[in-house]
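Here come two complexes built around chain A, the first alongside chain B, the second alongside chain C.
Up next is the complex of A and B:
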């Protein structure tokens, strides 16, 4: 059987859960890109390339970082906001859209200002988002969102996970901390510097 | 969890939708003496809901949530029914159990919370319809009372299975003809308040939601007594206007018509001696005399 690769969609109304078709989660110190296990540094560089090449790079912070539960969440929030500022400086079209909670919204959500895990495609479509990163979203709702996005949109998904990573994202890291977010910021700056110096760091995405 | 933890990281405050900013700034978490009069004044624990227009259950929900003495440390357990359509919109921790299992789930939850947070007050409140409480879940309901689980059970009694089209339930009045019970109910309305009393509940009351002050007192008593003494039961009449052929503006009158002397929802209240003593001990000093007089009367 040919190996299933987790690629941008639109794949189908119900794409398979990547875990059910042979994709495994990375070990500590690793990440994965399109279902292939790679070292974390490699995944970070690829994430940086995707962000820099995107027309509308977007970060979706979830409840674990939006709400000030503890000191760690406050530090993570600072780091994520810093990443957003770096992306915004490179591309004024960058967005920061919260996922405040997981309750279905009635009568409808405002896709311009928030994303909901039960219909994340609405926010992706409305804002024409082509690369997004989930951070601080509980695993089960992240997986739900990632599958819906892969099923109905052509958006490239990145998951910065504090646990074991997300095989349903096109790219994910695991054990995310404020420090690893700052490492991602450094990767973005480094790749951007290479790109501006013409050293072959142009968009080399494996996906789109 | 305390109110201090219900706040937004400052970096993200500006991007949060307004309703969440209001939840932090204007909700009644942590407020002593919160009650039904906050409805419409402060940010509510429920705003939009998916019930029918004019449904008395929606106002009952507002009152119950407005009267929780400790919403930030309360977990509500619901079950299948019209109530389960509302819980996804509620800004209080809640669990949806399998149909009828709500009191069993709440029992385990209460014990787990007591073990995990021994120094904190954590209230567990069951809120389910009459089908879940009296028919399908009667075993679980009664067993939790027999075991003296410290949980409050609230039953929204609409006297039938409303969201499946109007089948008869144990709490339906005898002879009532519903869409899916064309031959009429064959036996009397189950007297669950009396069963609750005999099963060991320390506070039992039955009322409609036409009088918010009375609802507030019932909910607070039920939760406070359940917290310290043992199981409590509140039965609230929330008629299904669709299934009894009423218009959306007629729910309130239906409740008023059903609560008069001798009617099936005439106000009833039972408080055990232990619970009376507890209520007296926590009443503010100026009110103690009044509470004593009431409970003795």
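Up next is the complex of A and C:
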């Protein structure tokens, strides 16, 4: 069977869960890009390239980092906000849209101010988001979101996970800590520097 | 406090919390001669179980009662009897939603009465340990061994492991907690044994000191929110998608189901590491294979020995996990086999169907022999079946 590549959609009426078609999660120290296992640094560089090339790069922080429920979450939140500031400085169109909880929003979500795992496509479509990163979202809901986004939108998805990672994202890291986010920030700065000197990242090739 | 940080400390009754790998592979073990029910008691004694709920269905009643003894001794946090099997499984869900490590045990009609809860546990990502001591389910009533019950739960989405021996049983119970609670898995697990054959007979079991225990369950690693009445899956239950007739609701429900199946797939990696693969092979390069799970494997192994005495070489493939099913492993193990016999303790032949679905040229699969309703499966019956098929083939060649 040909290896399943996790690519931007819109993929299908109901795309498969990547784990059910043979994709596996990375081991510690690794990440994955489009379903291919790579070293974490490689995934970080690719995430940085995707963010920098995007028209509307967006971070979706979830409840695990939005609420100050332990010391680590506050540190993570600070790091994520710093990443947002770096992206915003590069591209004023960058967004930070929270996933504050997982309740289905009836009768209608306000896609300008939040994203919901049961219908994340609405927020993606409304804001024309072409690259997004989930962080601090409980894994089950992150996977729901990632698969629904892949099914119905052309958005490139990144998942920064504190646990084992996400095969349903186009790119994922695992065991994320505040330090991981700072390393991603450094990767963004490094790739941006290379790009501005004409030696590095292409600004073409995003999903949108 | 995460559960790893407890390693090296003592719990409230003085057991030392140890790394699971130490408990499984390094801690010295002593030999005991005990029944399957006693195996449950000794595994749960070392499992840092928070809550166990019981209902005295036969044949697991001894196991449930013995877990009650553990509660009296202080090894289990909470223990009570449910009103019936459905209530037990619902109460297990409540405890698990609340962040507890939960163990229960059932059998036969009890499993079926509780059935509605199993897909609910799966959809809610509750890593409950269910021990099933499988027995007859149909009328006329039987309390004897029969594996039809496993075939009836294979598509609930639970992890399902099938132990052949008391030793497997002890190890699967403890290792099952670890796999089921991995955040990328986080599903209920049914550790099955053949009722009476394993539950009520005595066997050698090597077990580590009762002074050692697994780390406690860490609900903060769960992929879903711990007992939040405003968030799915709890909110789904009082405001379910079934009430909303639109594409988004359907797509979410479907994606939710896919995610639970994905979680089952993710368990492969952890399971292979902990129980040494999803199958075990003995002489699987033989022309004739016996492939099955549970005590049917033990009978098959003896049949292979009898046939070897007559110069007929037969290999064995023991299937350890029914879900996830070892599709690729079976495909590989059977690739050169000419005949694949699947003995089963049920009339339905669900294991043979599973195997037929995953291998090429599945006319090679002989679904049988089958026994049911508590019948034993003498190795001679398997020998006879194999010889009968071989004779038929010889005749066909001569014709």
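To be clear about the criterion, the second predicted complex is superposed on the first by the 202 of 208 C-alpha atoms of A that agree within 3 Å, B and C clash if a C-alpha of one lies under 4 Å from a C-alpha of the other, contacts with A are read in each partner's own complex, and residues count from 1 in each chain.
Simple rule for what comes next: a contact is a pair of C-beta atoms (placed from the backbone, for glycine too) under 8 Å apart; a residue touches a chain by one contact, two chains touch by 3 or more.
In this text, all values refer to a predicted model and were calculated from it rather than measured experimentally.
Student: Looking at A:10, would you say it contacts chain B, chain C, both, or neither? Reply first, second, both or neither.
Tutor: After superposing on A, A:10 lies clear of both chain B and chain C.
Student: If you stack the two complexes on chain A, which partner ends up touching A:113: first (chain B), second (chain C), both, or neither?
Tutor: A:113: touches chain B, not chain C.
Student: Classify the contacts of A:104 with the two partner chains as first (chain B alone), second (chain C alone), both, or neither.
Tutor: both
Student: With both complexes overlaid on chain A, does A:20 touch chain B (first), chain C (second), both or neither?
Tutor: After superposing on A, A:20 lies in contact with chain C but is clear of chain B.
Student: Looking at the overlay, what does A:164 touch: chain B (first), chain C (second), both, or neither?
Tutor: Touch partner of A:164: chain C, not chain B.
Student: When the two structures are overlaid on chain A, which partner does A:81 contact: first (chain B), second (chain C), both, or neither?
Tutor: After superposing on A, A:81 lies in contact with chain B but is clear of chain C.
Student: With both complexes overlaid on chain A, does A:93 touch chain B (first), chain C (second), both or neither?
Tutor: After superposing on A, A:93 lies clear of both chain B and chain C.
Student: Who wins on chain A residues touched, chain B or chain C?
Tutor: C
Student: Once the shared chain is lined up, is A:68 touching chain B (first), chain C (second), both, or neither of them?
Tutor: Touch partner of A:68: chain B, not chain C.
Student: Just chain B (first), just chain C (second), both, or neither: which does A:143 touch?
Tutor: It touches chain C, and chain B stays clear.
Student: Once the complexes are superposed, what residues of chain A are shared between the chain B interface and the chain C interface?
Tutor: 101, 103-104, 106.
Student: Of all residues in chain C, which touch chain A in the complex?
Tutor: Contact set of chain C toward chain A: 125, 182-184, 186, 221-225, 228, 230-232, 235-236, 239, 241, 244, 248-249, 251-252, 254-256, 258-259, 261-263, 265-266, 269.
Student: In their complex, what parts of chain A are in touch with chain C?
Tutor: Against chain C, the touching part of chain A is residues 14, 16-20, 24-25, 63, 101-104, 106, 118-119, 121-122, 138-141, 143-144, 147-148, 151-152, 163-165, 167-168.
Student: For the complex, give me every residue of chain B touching chain A.
Tutor: Its residues touching chain A are 5-12, 15-17, 20, 48, 50, 88-89.
Student: Can you list the residues on chain A that touch chain B in the complex?
Tutor: 61, 65-69, 73-74, 77-78, 80-81, 96-98, 100-101, 103-104, 106-107, 110, 113-114
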